[in-house]
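As written, the chain order gives the labels A, B, C and D, with residue 1 at the start of each chain.
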Amino acid sequence: MEKQSSVPLTVEDLWVEYQIERGVVKAVRGVSLSLVKGESLALIGESGCGKTTLGVALIRLLVQAARITRGEITYWRDNKGIDVLSLKERELRRFRWRECAMVFQSALNAFNPVLRIWDQILDTSKAHGGMSTSQVRERAMQLLEYVQLDPKRVIDAYPHELSGGMRQRVLLAMSLLLDPQVLILDEPTTALDILTQRTIIDLLRRLKEEIGFAMLFISHDLATAAELADRVATMYAGSIVELGPVDDIFYRPAHPYTLGLIRAVPTVTGEFEALVSIPGAPPDLVDPPPGCKFHPRCPYVTEQCRVEEPQLKTHYSETHSVACFNVQRVQQDTLDLQERYAKYAGGKAS
Amino acid sequence: MTTQALMPKTGIRYWPGRVLRGIGRFLKLMSRNKTGFAGFLIFIFFVLMTTVGTLFVPEVTKADINAIYAPPTWEHPLGNDSQGKDILSQIVHGGRDILQMALLTGIISTFIGVSLGSLSALIGGGFDAFLSMLADIWLTIPRFPLLAVLATLVKLDNMIYLALLLSVLSWAGLYRSIRAQVFSIKERDYIEAATALDLGMWHIIFSEVLPNMLSYIAISFTFGMTSAIYAQVGLVFLGLVPLTRNWGVMINLAWTQGAIFFKDSIYFIMAPVTAIALFQLSIVWMSRSLEEIFNPRLRTG
Amino acid sequence: MNAGSGEYLIEARNLVRMFGARRERVTAVDDVSFGIRQGEVVCLVGESGCGKTTTGKMITGLLKPTSGQVFYAGKSVWTPRGDKGEDFKTYRLGVQIIHQDPYASLNPSHTIYKILSTPLLHHKFVANTYEALDRVIELLNIVGLSPVEDFLYKYPHQLSGGQRQRVSVARALTVNPRVIVADEAVSMVDVSIRVGLLNMMADLKRNLGVTYLFITHDLAVAKFFAWEGRIAVMYVGSIVEFASTPQLINDPLHPYSKALLAAVPEADPELTRSKKRVELRSQDIPSLLALPSGCRFHPRCPYFEPGLCDVKRPELLPVGENRYVACHIAAREAGAPT
Amino acid sequence: MSSIAMSTQAVPQRKPLRYWIKRITSNYVVRMISRAIFTIWFVTSLIFFLVRLMPSNPIEVYINELMVQYSLPYAEARDQAASLFAIDLDAPLSKQYLDYMVQLLHGNLGESLRSPGTSVWEIIVAFLPWTLFSVGLGLLISFTLGVFIGMLLAYKRQALWEPVVSGTASVLSSIPNYIIGIVLLVFLGVYWGIIPIHQMRGSRSPGIQPGFTWVFIKDIFFHAAMPVLTYVLSTIGSWILSMKSSTIGTLGEDYVAVARARGLSEGRITTAYVGRNAMLPLITQLLISIGFVVGGSILIENIFVYQGIGYRLSSALTTRDYPLMQGIFLIITISVVLSNLVADFIYGWFDPRVRIAGGD
């Protein structure tokens, strides 16, 4: 398996369900994807589309009511595949953070309020072993410096003494402590102010370039995805409906939902553009509609969409796939976007 | 569709029908929480027993020397006491005082707590600061010993006095929780919207704030009842309150006459003990259902 | 002092609001002035804690200014002694607010019908419940909640976030307000539904002549909603720049506005990656308890001039038609009189 | 902060008195302590005036009693009563109040009416330790067990036995403590006869010498066993329920999920991340309940004839021994106030967030 050396994590047909009072929520429905070294994959979608569930499922940190009903998660290290779903408790603990670290939404509550930052860093290191306390201290100082914090001030502080942006950076520094191959980021900038958000985004980009791990970036914010992602996956009602290189997704989207999102998000720079919203509301995942889950909101809907659910198929190229029966018609409506891209490309060439 | 068809459905026109429908809805909501419903049923049983029940079970005042500590028979389902009196009769008749006093204390203390707590939160400023400080101090006064000391100074043979005294002694806890609740509701956006819509102080208090506090008030009420029962029975048990015909008095009698140390007296002592325990439990359980009933988020059209 | 400028429907003049007491006393809003013309949209933009919500609440009359005045239709809202002015009732109903959190802005105890009919009946806009129902149905249609029978007797918890915000707008419309203060009204609503809500609110402006004070932290939303209006950028309690939207978006003058615009990621990969950044000198947002001297932005400002910016507090000065900036350097470059 | 300290050092004499008053009154510790003192004063005064102003004034009652029992003339009876109450009955109420307060400040709580010659203070010193011992032991056991069981329940919400344990806890927490005591006494002591209830009366067996001897320690535990068991049973339910809900809340916190993601061992997460945070609200509750359980010991000590302060209070109540009653009540109040005070300080020690905000 030669190619796996650059693909540390693969997910194959993953299904996650959880039980609520009303019934079973099918939160993730048959997701397949792979994370590539040195590359970031953005998972975009609206609240309740299952993107966070997918993220935590990768490190098997689902809530008690949830379970993975089908699928495979394989982690690759030194050309050897590890079946994450069959890891025993001990091995799973080792896998978390050391191989695959996850930075959560709102770092405000990511730290134990009664322990100093240093104690929590030391806890992390101790749980995985391999470093002496003084080594950990030294490394922690380096990493805090790396994320542009004042290590001396931060390391012995209690979490409540740090601002939201600082905590987010501490968490990022902590995620680098054990050199993981995979980094999962769940809405890492959502709760932050614009200028703080900018420093985090810049930091993340630097991390990606300098450290070169595989990054999975979960966000509802198209703009952050546009800025940070190499590839983008659009998620709707628990499935990936489109997956492709970032430029393909933004300039020639092939799924009506992706197109709808792009048409609904204003940019700051440039002249005024009229925007359209997607009609209707996201489906109830306990009782989803038949056929394509997007069909009740889709302007391109046909009879086929109402009965049959489209599967993810490649389109344009090997790297761009989409789950829609009406790709051709959608494409015709993206001409303006394609033009815009051509302008950029032209600009680049000249 | 005409506008007419969309009018709120009043449906039944005569009040008995509406009352019945209301009771039906209440029972349906009550039964959603099983523990709560069980509590509710036991509570209703006690209420019926001490009201309607007294009509069926005659009050026995005559001692029967031949029946001292007689075990249960068909005639005396709970046996007889140290004087040969029927225990069932004493239980049936001895609950009314407790029930009335508990309800009365619950009502008075809830009233004090709700009015002071809401006023404090709504008026704020020095008034609020003063009351809060007073409540903080009040909360540290050990209630039961104070009550016991007071009972030696004042003759607490009147139920209303006792209820009033208990309420006054327990206002602080209720006040504090109601105040916190009103404060948090007051800060909510829909109150601000109602202010901006100029709907008036009364509307805001009774229509916007109060409905969202009902579950809280219900809990306060049940809490007032349970602590009243605790205190009253405790005082009676210590012989500090000259009440007669009361479960606490039964225990006190069993205690002072040493009956508690006879194996045969098990019915005599356990009957009032069980009654008190069960009654307390029923109130606590019932409060769970009440909490749900008054929680608007669990309501559906 | 007691008369507002005839130009504006609603006007804030030298608004100051302090919170807390003694040592913890902070000035959340510090000398803010602006006016909104009939039918205009003015957008307040800034980061959390900059005082934009406090300003919005003072405009709505929900907070009394510590000092300064609010004028509605040319009349002062508060008397010099701080009591409610004579036309307070007209003002009170004339200015309504839409809150950010769709889950907290509707009373969970009431049905949608009750929420909407109460103000109608209370203020006698309708004579009886039949008329109230007609009006409620009309309002639900205006805010795009149809078919109405799906919503009338629902409780708020049975609706989605976007639908709740629409009910909030409908509730504000019950009293026929002339001004709506929308405080982050769309920021908690999902992306795909957000634009629908914004378009609906824009329609109200067009069809009913509603004037908006639109408060947001999201520059893209501000640009979209206030394109024909003006934007005021706030920083630590003060307005630092006030200009027409296209001007501010395309040619910001204040270093803080520049930094904000440069920092915002765009939903367009090529555009966002090629954007020019503004490097700040510090990432720390000043605490309201220990404000920097002079210009509040000076410890972070890339154009900082020692001896000037850290000494003298810049005033909001006109630098061209309908355009104001509070920066020594920007004002100098624009040739403003100092 | 340092700049303030320096400036006060430089020009101390210029600070007006008001500044110092403000500075002292705004100090957290000072504020807490003064509030505690104020509470004690408030309660003492309350009792003083209640005793003096109530229609059935205990002094009048006592005078009557002396007149009836010993057929003393009124004046003599009055003098005797006055001397026992250590109060000049001819003085105006304000003077009486002042005298009473001065006496109190000197630690003089008066003498017992029913055992003349014994000071109230002596009685308290003789009885209080037993209550503190049994209540303290009971609370310690119930808190430890309750926290443990509560946490276990929160972790094993799916287990079949969970509702049984939670249900039992809720039943225990809603039944009055004296009812639990009576049930224990009746069943264990009388009906089944498992325990020698008569031998267990008192706080220790007569004739046993106090000291660090095995016999003595065994004896006092033997005598305290039933009250302690009652305290444990009557308080454990609420500890279990509070800890359960607090733990469930904490388990839902982000930092616990992050700790799991960081690969921390379940043991470390349970103790340092979940346990410590979940216990925070219970710690205040624990210290406050010490005071209240001392108050509630009246009934329990009576049931088991355990000679602690509560038992003594109840006999003072039935014999109308007012000075003793007043003294014991004062002591109980002080214990509640003190445990509140300790709770406030200790909480800050456990929770760094309060430490920063509260400290000056």
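The criterion applied here is as follows: a contact is a pair of C-beta atoms (placed from the backbone, for glycine too) under 8 Å apart; a residue touches a chain by one contact, two chains touch by 3 or more.
In this text, all values refer to a predicted model and were calculated from it rather than measured experimentally.
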item: Which of A-C and B-C has more C-beta pairs touching across its chains; value: A-C
item: Most widely separated chain from chain B, with each centre as the mean of CA atoms; value: A
item: Separation of chain A from chain C, taking each centre as the mean of its C-alpha atoms, in whole Å; value: 33
item: Length of the line joining the C-alpha centres of chain C and chain D, rounded to whole Å; value: 54
item: Separation of mean Cα positions, chain C and chain B [Å, integer]; value: 49
item: Chain centre separation in whole Å, for chain D relative to chain A (CA means); value: 55
item: Per-residue multi-chain contacts in chain A, two or more chains; value: none
item: For chain C, residues contacting two or more additional chains; value: none
item: Complex contact set, residues of chain D against chain B; value: 35, 38-39, 42-43, 47, 50-51, 54-56, 58, 167, 170-171, 173-176, 178-179, 182-183, 185-186, 189-191, 197, 291-292, 294-296, 298-299, 302, 313-314, 317-318, 320, 322, 325-326, 328-329, 332-333, 336-337, 340
item: Of all residues in chain B, those that touch chain C in their complex; value: 1, 3-4, 6-8, 188-190, 192-200, 203, 207-208, 211-212, 296-297, 299-301
item: Contact set on chain A toward chain D in their complex; value: 56, 59, 61, 64, 89, 93-98, 101-102, 104, 106, 108-115, 123-124, 127-128, 158, 160-161, 171, 174
item: Partner chain A, residues of chain D touching it in the complex; value: 157-158, 253-255, 257-266, 268, 272-273, 276-277, 280, 350-353, 356
item: Chain B partner contacts - residues on chain C that touch it in the complex; value: 60-62, 89, 92-93, 95-97, 99-101, 104-111, 113, 118-119, 122-123, 129-130, 133-134, 137, 148-149, 152-155, 157-158, 168, 171-172, 174-175
